[in-house]
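Heads up, the next two complexes both have chain A, just with different partners, chain B and then chain C.
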Partner chain A sequence: MPDRAVFFQRYGVGLALVLLIIFNLAVTPNFATSQTLAVNLTQVCTIVIVGVGMTLVIATGGIDLSVGSLMAIAGALSPMFFTGELFAAPLYVGIALGIVVPIIIAGVFGLFNGWLVTKFSIQPIIATLVLFIAGRGIAQVSTNGDLQVFKVPEFQAIAIGRVLGVPFQVWIMLVIVAVAAFILHRTVFGKQVLAVGGNEAAARLAGVPVTRIKFLVYAISGLCSGVAGLIVIAMNSAADANLIGLGMELDAIAAVVVGGTLLSGGRATIVGTLLGALVIQLVRYTLLANGVPDPAALVVKAGLIVLAVWLQRQEQN
Partner chain B sequence: MQAISKSFGGIPALSEASLEVMPAEIMALVGQNGAGKSTMIKILNGAYVRDSGTIEFDGGPWTAGSPQQAQRAGISTIFQEINLIGYRSVAENIFLGREPRRAFGLLDWKKINDEAAALLARFDVRVDVRAPLEHFSTAIQQMVAIARAVSFAAKLVIMDEPTSSLDEAEVDVLLRTVRQLKAEGVSVLFVSHKFDELYAVCDRVTIMRDGKTVAVTPMSDISKLQLVASMLGRELDEVAKKGATAFKGGTGNVGGELLAAKGIAIGHLVRDANLDVRRGEIVGLAGLLGSGRTETARAIFAADQRAAGDVTFDGAATRFKTPAEAIAAGMGYCSEDRKSQGIIPGMSVAENLTLALMPALTRSGLLDEAKQREVVERFIKEIGIKCAGPNQKIRELSGGNQQKVLLARWLCMNPKLLILDEPTRGIDVGAKAEIQSLIRRLASDGLGVLMISSELEEIVEGADRVFVLREGRTVAEFDHENLTEGDIMRAMAHDDAEDRRQAEGASTSA
Partner chain C sequence: MRGWGISPSMAVVAVLIVLTLLGAWRYDGFLSEYNVQSVLRYNSMFALVALGMCFVIMTGGIDLSVGSVAAFSSVVAAHLSGYGLLAGLLGGLGAGLLAGTLNAVIVTRLKILPFIATLATMLAASGTALLLANNQSVSVSYETGFVDLGQGDLLSFMRPEWVDGDNAGVLGGILGFILSFPTPAFIALAAYIVAGIVIGHTAFGRHILASGGGTEASRLMGLPVDRAIFFAYVISGGTAGMAGVILAAQFGAGQPIEGIGWELFAIASVVVGGTLLTGGKGSIGGTLAGALLLGIIFTILNFENGMGWISLSAYWQSVVRGAFLFVVVVLQAKLSLRQEA
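On to the complex of A and B.
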């Protein structure tokens, strides 16, 4: 394999990010403001959070198409707890339940994905297609398809509150990224995830609990989707089961791929996924801020993905 | 090919190597793993681009841009792992990518199937060419690959260890095919670790070592001993002191029963396999391809579930559901297929070596990397794994060193029983001897070893006892004393000749 391709594969996404920042500092007006930073970061938060779970799934050689629908389920269920629609509870109890229960439910749906993938050996892309389709339906049915509008600042703080001037959701994202990167690289579980993706048959013969690992990565992906779903409704102060997380699976996969995680499994980088999402966002921002219309920006985004996949191919050859 | 050089990431794989094959010549290419044979082949067929050197082919300068281009120009390569498409039919595989077409681009199925059958008939292979390739044995698949090469009007066929997964009867068929190619004016570059085959078919031999061509000589002018010496770069008498394998006799301190498997059955492959292993004993498991050796071993290790039979291990009846349970009880299993069932190619030596041990290498839930490093470095030193360090990717190691890492994966677990499926397949002579003497040493320390091998000398010299499987049944048990290769072959082949005569009789009368 050409060494240059390996270099770009490994550091390309970081390099691209630095170049984009330099370019914007030079060209785009008002780029170096905390406002711009906050806008760009909040745009990628949910993508990165979902992308973390997606990275782990892809690291095992799988894929999770259901993430957007699981976001919708978590986002649609959450308001019922703190708007007092289901039952009257003290506000903070309601908020706590409105956060914890939907995330757990999304995690359980993730386990369902893992169950389909492991027990029936269904290809992940098909197995998770089930909830991609059914999940949004479940979200819509549970809210009768209604838009739930609410104004609960105590809950919305998870998205729009600020700590040290940075939106709280960015902190959530950073913590999730840090914890996941640590798990992937420093724990036995992380190594086993990569082993399963690198060579499943060999991993199984070496006693790696392949089934359990797969269950867990899909569950983690579900949990991450749940968190992202809550952030979306907190930002919008409304829950619309039709729209929460729409198209998220593709944004997340794009971030993972551009970040340098191998789609076939076995090599993964959580920080890469963060950088990948930032690069995609910043490219779009750069084009928009400099007068290029959004449809054209989409083409550039597609180009980025093609480039990332091409680099992966170079390494495999 | 003259003065060919090639480096990977600064490490030279070839330095000024040369290779010459005459028309209608069968040239052997030998060398230890890492000598540069594969790199040489891949440069010739366009998979790699050379750094320097010149190549002439068919009377002109030659540079292949890709294996496909090489194939069209008349250089076909048949790899150790057959890279055809298992679920497509035999005929489709032969014509893959250039299927005869009729009007409107429709495939001409009749022509495809007829021509495929005719082509295979030239090599005495008579199979249903419409059946999926994967339904056939490795040998048949290999013949299909050769037929495919010939159908490209190949002038040079490169065979990279074509016989490594064939049994002896199949090897004969393959060698006959190689001679047939020569008779038709095709040149063959034959890479193999098995000397008998080289002497049987090759005209000349090119010996490579450390990326250089060290000798080119007619096959009839060089003895096996000289060949080995030349490959290893050692003096003749040094080699002469060694036996054919590095196993040394029976141990004499065999202990009590460790494993007993009775009446193992899985599908139609294994019907009634019986064997037992005692502590400190190397038990050989012999049989032709398709005799159910590997399947029996996998059932004992719970890699596959057995349909029937009892396994007693370490004094208790067992019914493991997963390899993890077998491992916890004290078993280890090295698969015959290093690449697809052994190594995790993208992971480091350290990660591969401790893959099974890892859960025990934790401190408050985290991987204890200091402890991991300690284990890895101890084994690198103890069994002589040649690598740049614990963090080198295992895929960059030679086959022999990969195998040592996989052995160490189990040894660091302190197992009671190690099941070794073809422990020395596809690795060079030096590493082979090291692994053989390591196995013997481990057995003298009390480890029970169940060793599957296609190489009879390995079974005969290495095993304290031998079980022979035929068509999924244990048909013979031998002690090391006075055992000959003939005994085993007779047990493996028993009735086979009779069956074949009957089958032939049936087909001629039909």
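On to the complex of A and C.
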């Protein structure tokens, strides 16, 4: 591979991000404000958190279409605990349960995806399609499709509380990114994830517990979706099973792909996913801030995705 | 699929028939003209989209753009409907074919994975639809007869009076029943018949299946693999475009934000119908049965609620559909694993 190709592969997204920031500093009014930063970061938070799980799944050569529906399940279940609808509990106990239980349930649904993929060798896109369809239904049925409005600042702090002036959800995102990047690049588990995606048969022969790895990545993807679902409802101070996480699977996949993770598995970057999501968001912000209508920004996003993947292909040849 | 005794497509047709008979036996008015008409009118769009998806999946690809392409086409058709039925029809269809061609070029020329290529087209079509529609739905013209494409009953003019008489008999009943089918159902049916002939009896159909069965091997044998794949995406764009025309005609407006999730519904129909997602094998008839089956679940839920025994919200339909997909894919997987063993 020529040096230039290596350079673009490693730093292409970062470079794009830097160029976008420079462009905006020069052109867009009021760009260098903490408000602009907060707006853009909160827009990408849930995408990045879901994208981290998606990156791990894609690294094994899989895909997870169910993320949006799992967000809806977690988001729809959570208020039942802290609004006292199910049982009366002290506020902080309710909040703790409302955070922990939905995330675990989302993780268990992730295990279900893993079970379909490993036990029956069903292609990931079909296996996760089951919960994509049924998952939102489960969320809607469990709330009867009603909007649950609440005002519980102690819970909503997970999204809109601020630490050092930065929204708490951004901290959650950064922690998840840091932990996942460490796991992927510095631990045996991470190497095994990449090995499964690179060449599953070879990995199996080399003694990698392929089945367990796959189970785990889908479970992690479920957990990440659960966290993202809670952030969405905390931000909106309402849970709407019909809308939470709608279309999230495609946003997350786009971020992963633009970030430089190979869709065929074997090569993945968590930080790339963060940067990919930021680039997509910043392109949209740049266009909107300069008077381009939102639908046109969608078309540009489409071009961006094709360009990123096409560049990846050129590098491989 | 030989050696399974019965093919999955036959099984899904059987389940469809059993469910229909069950519905007819259990619920009053299940097979009434009104109910059948409305089920067919609404589900014809999904059946069309699933048909195009079936072609793409047979080549081993996937088309995520069908929903937003249908929305895009519905907007184009609505804008052109003032110039006549034909203008709206051809405009919508053309918009779909254009989007399909874009997919085809990205997949076969730029060699980008179908999943990503059609994801991009999905966004682009959705954005273009919103731009053309100015972010709102676009009314169709009611003066040119365009709405007949969605709301009309194509053959109702042929319906003789005697079939409504007291002594029409079984034959008259069936004749009247068929002649009352809505126009979209005839459009979808015609598309399925043509597709069945193309897949079963033409060289192009064999190329489609061969390109999915073993792309490299087929290419080495000199088969025009890329051309087959190219046209599979164009066809999928065309059927999505036609679905968009029906959408606009049926609801009287081009709808730029419709179509969300249609792609996955279409994939589910194709898979339930017994087409392997790995390509190379597929059933046109099974896909039709799969689409109708997923559609009929909603109707059965409605009727069951009407009986008053149990009360299930409409939201149960996605749970039931998902469960159905689950059962089908697990059975398929078990059968194919056993076959390999």
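Keep in mind that, in the parts below, the second predicted complex is superposed on the first by the 311 of 317 C-alpha atoms of A that agree within 3 Å, B and C clash if a C-alpha of one lies under 4 Å from a C-alpha of the other, contacts with A are read in each partner's own complex, and residues count from 1 in each chain.
Criterion: a contact is a pair of C-beta atoms (placed from the backbone, for glycine too) under 8 Å apart; a residue touches a chain by one contact, two chains touch by 3 or more.
Bear in mind the structure is a predicted one, so any value in this text is a computation, not a measurement.
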Q: Please tell me, clash or fit, for chain B and chain C sharing chain A in the overlay.
A: clash
**Q.** First, second, both or neither for A:297, with chain B first and chain C second
**A.** second
(Q) Taking the superposition on A as described, I'd like to know which of chain B and chain C A:247 touches: first, second, both or neither. (A) second
(Q) Once chain A of both complexes is superposed, is A:132 in touch with chain B (first), chain C (second), both, or neither? (A) second
Q. A:84 contacts which: chain B (first), chain C (second), both, neither?
A. neither
Q) First (chain B), second (chain C), both or neither: which does A:306 touch? A) second
Q. In the superposed arrangement, which partner chain does A:263 touch: chain B (first), chain C (second), both, or neither?
A. second
Q. When both complexes are superposed, which of chain B and chain C contacts more residues belonging to chain A?
A. C
Q: For A:153, decide between first (touching chain B), second (touching chain C), both and neither.
A: neither
Q: Could you give the residue numbers on chain A that contact chain B in one complex and chain C in the other?
A: none
Q) In their shared complex, at which residues does chain A touch chain B? A) 3, 186-188, 190-192, 194-195, 198-199, 201-209, 262, 266-267
Q: Give every residue of chain C touching chain A within the complex, in rising order.
A: 62, 64, 106, 110-113, 115-117, 119-124, 126-131, 135, 260, 264-265, 267-268, 271, 277-278, 313-323, 325-326, 329-330, 333-334, 337
(Q) Show me the residue ranges of chain B that touch chain A in the complex, using the header's touch definition. (A) 9, 301, 303, 322-324, 327-328, 333, 335, 340-347, 351, 355-356, 358-359, 361-362, 365-367, 369, 409
Q) Where on chain A does chain C make contact in their complex? A) 63, 65, 116, 120-123, 125-127, 129-138, 140-141, 144-145, 246-247, 250, 253-254, 257, 263-264, 293-299, 301-303, 305-306, 309-310, 313
